[in-house]
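Consider the two complexes below, in which chain A is the common component and chain B and chain C are the respective partners.
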Partner chain A sequence: MQSATVRILVVVLFVAAPFVQTNTYWQHVFGVALIGAILALGLQLLVGMAGLLSLGQGAFYGIGAYVSAVLTLRFGVPFGVAFLLAGAAAALSSLLLVPIVKLPGSSLAVATLGFNIIIYLVMLNEEWATGGSYGMLNVPLPRIFGFELTTERDLYFLILAVTGAVYLGLDRLTHSRFGRALKAISQDEDAARACGISIILYKSKCFLVAAFTAGLAGSLYAHHARYLNPNDFTFNKSIEILIMVVVGGLGSLPGAVIGAIVIVLTPELLRSSGELRLILFGALVVVLMGVSRGGIAGLAPALLRSIARFRAPASGKAVESAEVKQ
Partner chain B sequence: MSSEQVIQGIIGGLAIGCIYSLIALGITIIIRATEILHFAQGELMMVGAMAGLSAMWMTDLPFVIVLLVGMIGGGVAAITIELSIYRTLRTLRVPLINVIISTLGVSLILQNAARLIWGSEPLRYPPLFRARGIDIAGYAISPQLVWIVIFGFVMMALLQLFFRYTRLGIAMQAAAQDSEAAQLMGISVKKTTTYTFVVAGIMAGAAGVLLGSLFFASFNMGFLTGIKAFVAATLGGLGSLTGAMLGGIAFGLIETFSGVFISTAYKDAVGMIVLIAILLLAPSGIFIRAGRRV
Partner chain C sequence: MTALLTTEGLTCRFGGLVAVGSVDLSVEAGNVHGLIGPNGAGKTTFLNLISGHIRQTGGRINFAGRDLGATPPEMRAAAGIRRTFQNLRLFREMTAIENVMVGLHANTRSDVFPSLLRTRAQRLEEKEITERARETLDFVGLSKFANSVAGSLSYGHQRLLEIARAFVARPKLMLADEPAAGLNGAEAGALVGLIRKIQGAGVTIMLVEHHMEVVMRACDRITVLNYGKKLADGSPADIRDHSGVIEAYLGTKSAYLRSARRGAGEAFHAPH
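Presenting the complex of A and B:
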């Protein structure tokens, strides 16, 4: 029951955000944060659930963005169709990674990073398709069922809806047979194989789903920022997404959302500190990594527990039940 | 493609390859000792480049001294972050991935601190070698490149000697291979880990001065170079010293020649494709004997 209240509160908070903050700049930043959340959710499946350290999400994000922008801008494809095709194109390109998913830990990280660099160079150099380093201007605003989304608030709600859908989809996925198989793989690959789980198939499916969500996020980004440049899709982006996931809390979907919001909003909030901004941000990342094993998502229950423990002498049973819930 | 271009390509590739090797060696010894993928290694290189440059601004120094200053700069930066951050994180027993992400934080801190100190403009290194082109078998070769290759090889040879013949070097190797057994032999693994970071910082600092003297020094010169060194280390077989050295040189040569032969725009892509291909064909890297644990 408690978690239901929390859920409703969270939804209310997200819906109310653009009404409370009427400044369009901040509304835009909120939208950016939610796009980050979609990216982080996708990577959470890879890193947090399946234990696959991927540094290539930025490439799929870029593929989604350019596919959506080119389809709407040059071919007049409606936004809704372009949006889905962007996800599909990203997912399709993730099949290129099938041969490398069997690589172990750090090799996989470096290989996916290499993949990101290759895709970035294609975006940068194939000017006929992407506009190269000049970028791509005037990506049209999204139009849904005949309504053009013109204000920042409209766009925010579009992104929020997609974020919600992705969240629920991944939530269902991780609680299904598929999710349990992933957990088995991440804990003990050999044992999982012995149980009849096809490792490569599952790992490839993970990449496929993560790439699809990144492609959707890319499409939203293209129509939200309305200007694309290959520099938005370098491996730095991939690394940023990984930071979101780990800062938020590995293995936790709410953590991925929280991590994305923190990583996008903190530099904005620190803007007044001028040149010290990124130093403070780096320090924050380091400190967060030190204070909590499970990122911010792990921090909240730990805080609650220590409060419960503080009250322990009065009600010893409350602590026990809190522990059990963990 | 004339033979002169080939010779120049080889020397240029070797020079940039030596720089990658020096950084990759640091990355490798850190992975061996702690399993940390050290993303701030490129930034240690940048600190070395900046330290060397600052020393030259103060007074006219011979190259060897500048190199030493760069090495000290890299080493000091490394020991500072190790003692203040990584050791604390290890004491807190946070999961490895947290430490790896914290190295990204450190990289951000070092980059932006350097931007505060040295500004955001690329800084030109004064010419370090006054000699004109060297004649090798009738081909004019930039002395800069030749010196970088020589210094690179000397540094790598010194590192090998350090690991083979000094007590500390052997202790570090032992601690990296089996920390428990090493501890039973009376080696303080805590100390050898710190020294590992210092040695890695020194190598990176030297690479910084060499790279700076080739192009220029700037606050953001480190990250991409560090990533490439990572790729180089993986190419050779992550976790092997020989692998890191040969991987760095191979990567430098691949990059230079694909720039000349294929296209400058896609020269980085060629390196990555080679990397992915090698990982698929020989997952433990090209320079590792099969069956040996990396």
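Presenting the complex of A and C:
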């Protein structure tokens, strides 16, 4: 299949989803899934491209959500401006991580996790700004060019548009000098430096971009859920985002989107199994990782190969040589 | 002739061990300058000091009229010092052409915003990088493998790709750390030609190499290190006849003569 055809089909599928499923609860869940997709895309840049294992994305998500909510609720800032400022605030706060970006893998993971815990405690305790554990109620609905987005379907399309833009932006970044530098750093830091790449500068920029996208996702969440509570932004959220990325497939942008959708929708689909649903969900994740280390994105080529083998059992040799070429 | 690189009393200690001990060395612009010596003589450490991957504990490095001091490796790369590594250090999961394109990082500008917006300047720059990378792959004879993943290339091709990644930026000084290691006879012979071609493009080369045939044929000048100290300095002919070098490097003189008698081509077929 041509990749252009695939792309058009995917866009049609996403646009058609809220028309096929008219239940507003499900439309809301679709919106949640796409917010997850934005988060996973941002983390994919960190983990999948630059090899930076970060468990702090939940913090930037929360910063974006609270900034957007406070600006619109208390200061009457229009949604569009608050949305961009939410991304900017998250990006700015990522500069706090500059001193630690050079830490190796597991240390960086623990340090960013600590960062997430600190931000969570700030959200919980600075009641004057965030409402503390009571949270923030009645975050206004987004208003764009004078139109208030009132239905779940409107909100879904707003989130879809942002998801599309973030996807396109990150796709462009990965195929640029910036993306190549990140990939180079993740594969060999000494060789990257010998090519003139400053490790701290590029890792910091990577955190900045990822934090910006998480901030945007946070703003969308604030105006979609319309209620914020610090418990939405604990390090559990960061781990959930990481699961999305790993389940979808490390290094793959489509994988990040698929991973987010699967992680958000599966527990909903399993709702009929009652108390067992989270256990089933956990088991599914374990089985998937056992079957394909490349996540769902890595599953597709393997599936195609076994279909090819199934369709041509007589000419086994031909299939074998085709595999060798791959 | 002017010196492109000079070191004065360059020293590097690891704890009690003196890896490089007060070495004075001068590399003339335009030369291929060999750096040889037995295993553990400090050759690779010396290259790491020049490229900035290791900080010296004493002495000075002067490059193109500038004291390098504590300049980090990425700034030295931007100033025109590029290198290859002894144990291949390619970006293994990237394609050959992407590896070479990364080599142009310091010579290009486009950052996050131009890439997001795909500005005209960014697209032009990408096109230029791609073209230059292609030319360079052609130059080292890897044009057929432009879109192959670097880690899947044969050992010899990976060595050439490292050279391409260093050379694409047309550095002032290229540090090559044992580029002939693991190459077969024909490949090592071709390497000498490639080194001379790179020199012809105006690049000064500092070559660390064990492969004597390659060293003798490729170098204009040779410095010999032994136990971190400079043992000798001179033309290939001087070094070949220097008794101290022969003893340090090959054992006794008679052993050297025996091996020389077996013929010059012999070394090319030495097992690796």
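Heads up, the rule we're going with is that the second predicted complex is superposed on the first by the 307 of 326 C-alpha atoms of A that agree within 3 Å, B and C clash if a C-alpha of one lies under 4 Å from a C-alpha of the other, contacts with A are read in each partner's own complex, and residues count from 1 in each chain.
Keep in mind that, in the parts below, a contact is a pair of C-beta atoms (placed from the backbone, for glycine too) under 8 Å apart; a residue touches a chain by one contact, two chains touch by 3 or more.
If you're wondering where the values come from, they're calculated on a predicted model, not measured in any experiment.
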Superpose on chain A as described above, then tell me if chain B and chain C fit or clash. fit
What is the contact status of A:235 with respect to chain B (first) and chain C (second): first, second, both, or neither? first
Touched partner set for A:191, first chain B, second chain C, both or neither: second
Between chain B (first) and chain C (second), which, if any, makes contact with A:289: first, second, both or neither? first
Could you look at A:81 and tell me whether it touches chain B, chain C, both or neither (first, second, both, neither)? neither
A:278 in the overlay: touching chain B, chain C, both, or neither? Say first, second, both or neither. first
Chain A residues touched by each partner, larger count belonging to chain B or chain C: B
After superposing the two complexes, the shortest C-alpha distance between chain B and chain C, in Å, is 11
Kindly list the residues of chain A that each of chain B and chain C touches, one partner per complex. none
Note which residues of chain C are touching chain A in the complex, please. 51-53, 72-75, 77-78, 82-83, 85, 89-94, 98, 101-103, 105-108, 110-112, 115-116, 118, 122, 125-126, 129, 165-166, 169
Of all residues in chain B, those that touch chain A in their complex: 31, 37, 39, 85, 88-89, 92, 94-95, 97-99, 101-102, 104-109, 111-113, 115-116, 223, 227, 230-231, 234, 238, 265-266, 268-269, 271-273, 275-276, 279-280, 283
The residues of chain A that touch chain B in their complex are 47, 53, 99-100, 103-104, 106-107, 109-111, 113-115, 117-118, 121-122, 124-125, 235-236, 239, 242-243, 246-247, 250, 275-279, 281-286, 289-290, 293
Touch list for chain A against partner chain C, complex: 169, 172-173, 176-181, 183-184, 187-188, 190-199, 205, 209
